[in-house]
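In the two complexes below, subunit A is the common chain; its partner is subunit B in one and subunit C in the other.
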Partner chain A sequence: KADAKALLDDRGYSGALIRGQNPALLFEKAVRDRVTESYYWKEQCFGLNAATLCDRAAELTFIGGTYGDMGKPTPFLCLAFKLLQLVPEKEVILEYLNFEDDDEMDDGEEENVLRNDIDQTRRGEFKYLRALAAFYIRLAWEPVEIYRTLEPLLGDFRKIKRRTRQGFTLSYMDQFIDDLLTKDRVCATALWKMQSRTLLEDLDLLEPRESPLGDELDEIDRD
Partner chain B sequence: MPPPKRMTANPSRPARYRPGKATAADSNSSSEDEGEDSNAEQEQETSAPAPSASSFPKTVTSNLKNVDINARKAAVREEAARKAQGTAINEDEFETEEESGAGSGGDRSESEEEEGYSEEEESSSEDDVATRRKLIRPVFIKKGARTAVAAPVKTDEERWAEEESRKKEKANELVEAQLEKNALAKAAGKKFWDDEDIVEDDVDDTDGLDPEAERAAWKLRELTRVKRDRDALIAAEKEREEIERRRNLTKDERDAEDKEYLDNQQAERDGKGKMGFMQKYFHKGAYFTEDLQDAGLDKRDIMGGHYADDVANRDTLPEYMQIRDMTKLGKKGRTRYKDMKSEDTGRFADYGGGRGRGRGGGGGDRFGGDERFRPDWDCGGRGDGPSGANASLLGERKRHAPDERGGEKRARVDYG
Partner chain C sequence: MSDKKKETAGSGDTDFRKTWDKAEYTARAAAHESKEKEESKLRYEAKLAGKKYHRRASTPPDAKDTQARSQRLDVGDLVGKTTLVPVGAATGKRGRGAGFYCEACDLTFKDNVQLIEHYNSKQHLVATGETGEVKRASVQEVRERLRWLKRKKLEESRDEVVGLEGRLELAREREVREREEKRARRNEKRRKTPGGVGVKVEDLGDGVIR
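Moving on to the complex of A and B:
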């Protein structure tokens, strides 16, 4: 059955669990209803699997939660809900995320400048796919993995369009990732409370963060 | 042909000349001379039912339509026939038609006058027909020069079918073009479900416009993030140190520090102005404390503020105006409540002067003039003694004879 009845009806849910509960419950009821009643969901998100979802995500042009008076959901949000329904495997999500695996760290060295520019134009199409994958990761995975996977993306400074209630604003990919890691509420979803990085460091599960600006920071400190 | 009889008694008159309108003469004469019985019959039919009012518009117009089509078909047919013959003959026909048509057309025009409603329509349609009929008015053709008239009928119908099929093809093409456009648009990624709310987005998210500036902006953001993390670390560190320090102090020292802190708080509170008498109470609100702190407004003294109309001494005001909240002055919703003490109606703790008067004045029999409130004094100073029911001693109970009493007092069990 390709419809979302199994997902939305909580009583008989027998699919994959995220942190012990129905993945759809990560979105609030109001947002869930908005998503399920939107045209985008009904037309475009019916019967998607991981591959076709990739195609849809490649057509995204902005991120956002709900907008307008009526709380209309963005396609980004609908696809995120679809991902929650599908609960894809780790490798698939990593593929979405690291569509171009080469250069997530921007060194800023002269030799690499040209290469980075070329690569940016190449991966420019799929930054929203990457943002979608990052959003899903923040919702579905464990804290240690979240930090480990999302922190390299803090070096990606591409521009993204963000749809707010009133209109569009400009944001950046690293800004979005930072919001995912620190804020409570992003894109009409209350992100579940994660342990802070310091706590995980104290528990020795993570290492202290190495900023991509590592060398320059040291220089500043020396000054 | 005698003028057709009308139902009225008025004499029939020739048709008036109306500019632009085909003279009925030409069209009528041509339709007559065509030799097609159907047309003539129809025309007669149109003239015959004219007087009946109920069916007047419908029949006339329906017949009118028929006349039109057939007339046009005939016109086309005749035109083709004429063209086949050649142009010289046509010119001759023109002349003859006009000349001969004038006479016989007069009759027809009279009949048409009766059909006032659709007269103009008919005449206009027949105008077109008339212009064509000028070309095709039948004139005697020698046997050798005659061409078959039967064939054009079919070709005309075929032509009609062809035209219709052409129209259908055009319509199909249009529809196909529209569908192709839709498909292209879909492929290009436009979202139709979003068509209603197309918001102007002048936000440009193309990368690589200015790589250096973008990189610099990113560095700035990264530095702020690092700074934020470091500050959080430092604050946590400080807190830990503070806890350690307090643990190492003795209890007395801790108490001394606490007292100091509380005194500071109190001093802050006292430093704020005192509330005036019956001043309206304002609270700064519990919700937006962070916003207040950001704006630097959290240390305000709200109750100590003075305003222009503040009155120093409230008693100088009339009683009507001595209220806590001056905004309610003059409004119907204002309460008359002043304060608890003034609203109190009891005499609590106010009886200090009453007791002495009662005891001294009530000597002897009288107590304030009311017999009922006399106390029962047991000193026997008065000769009255007990009064009322206590006046006489109780005597012994009278005992009756047992048989009589037994009869009265025995248990009565007959409840019947």
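Moving on to the complex of A and C:
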């Protein structure tokens, strides 16, 4: 399964499904073609598996969708497409999100929530890898899990570089996560419509949101 | 098929005739027959099921799994160089000619995109003895990989020198090292080809049709 031919096959796709359909269909046809014909995809994304993808992600220096007149895809987008092809397991994605270099075993997001309160600076070496994992989560997982996994990331305020059609802009990781949770179209992809948080809270699937700034806001209101 | 085994003893006036090892050839015929029988059986079964029989070449047992490229492809190393090429170099894909060359398949491409597409193709993978399958990674492997990457990044950040003087030094050292390597390589080539000049020679064979 080194190349994407099986994934893009219109007639018979047999492999892991996301929400009952071929994962590649989460990207539009135009974007899929751009990615598959790009030099980065052909040279660097051939024969990747979940581990070697980390090498490529560690070399990323910006996020973005397509840019330029011709709609050239960014390496970020190509790697996201590769993740859609691979459909890694849940634990692997959590590892991408919350990797810390410790000797103890990481059991995913719970650890991270604790750490966020204690030490904001130790949040995983590779912030673009984290952004990539967040993008994949927003595309592939169920709403309850998306909210539960991505909300701790709203405390990550590192700067990230974003490539727009005309050039580069400055953005922040928590702004990117917020865009993923609220906007309709991020990084050249139309994000599938997700139920809003209030709806899920009414259905009792999620607890009401505890914002880290909640205490401060209450104090201000009291004054 | 030049398995000649000369009979010892025997009449002297037929010594010039070719002799064959009968045992080996009977064994080969038997193997061929059994394979044909199997194949005809498979064809029959396929016909009963209404499908067409495709003869599948078996993957060699020591085929390696495909892995991602570890380095970028160096496509610019021939830029600005002048070489002697034979007359038919500009046309056709087979054989060594002008452009990007793949040794395993003996094909030339005019474009680095074509070269990359060829490297990813089934034809080339078979020629290099790789299956087209990629090993699926486990969580442990991912963790190991991330740890290794982090260590590498730390080491690089420790090695890097800040300041113009330091960086100039490093660049100078790197240049000297590269020049040494090139000289060594050139000397090797000179030593290998007679006459002292490293001219690219195309191997046409000895022209005999076998």
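Throughout what follows, the second predicted complex is superposed on the first by the 197 of 223 C-alpha atoms of A that agree within 3 Å, B and C clash if a C-alpha of one lies under 4 Å from a C-alpha of the other, contacts with A are read in each partner's own complex, and residues count from 1 in each chain.
In this text, contacts are C-beta pairs under 8 Å (C-beta built on N, C-alpha and C of every residue); 3 or more make two chains touch, one makes a residue touch a chain.
Since the model is a prediction, treat every value here as computed from it, not as a measurement.
After superposition on the shared chain, subunit A has more residues touched by B, the comparison being subunit B against subunit C. Judged by the touch definition given at the top, the superposed model places A:Val87 against neither subunit B nor subunit C. Touch criterion met: A:Glu95 reaches subunit C, while subunit B stays clear of it. In the superposed pair of complexes, A:Leu170 makes contact with subunit B only, with no contact to subunit C. Of the two partner chains, neither subunit B nor subunit C is touched by A:Ile18.
Of the two partner chains placed by the overlay, only subunit B lies in contact with A:Leu154; subunit C stays clear of it.
Of the two partner chains, subunit B and subunit C are each touched by A:Glu43. The intersection of subunit A residues touching subunit B with those touching subunit C, taken from the two complexes, comprises 39, 43, 106. Subunit A meets subunit C in the complex at residues 1-3, 39, 42-52, 54-56, 58, 86, 88-89, 91-92, 95-96, 99, 101, 106, 125-126. Contact residues on subunit C toward subunit A in their complex (touch as defined above): 66-69, 72-73, 113, 116-117, 119-120, 125, 132-137, 139, 141-147, 149-150, 153.
Subunit A contributes residues 38-40, 43, 59, 61-62, 68, 72, 75, 106, 108, 113, 116-117, 120-121, 124, 154-155, 157-161, 167-170, 172, 174-175, 178, 197-198, 209, 211-213, 216-217, 220 to its touches with subunit B in the complex. Within the complex formed with subunit A, the subunit B residues making contact are 189, 191, 193-194, 197, 199-208, 211, 214-215, 217-219, 221-223, 225-226, 229, 232-233, 236.
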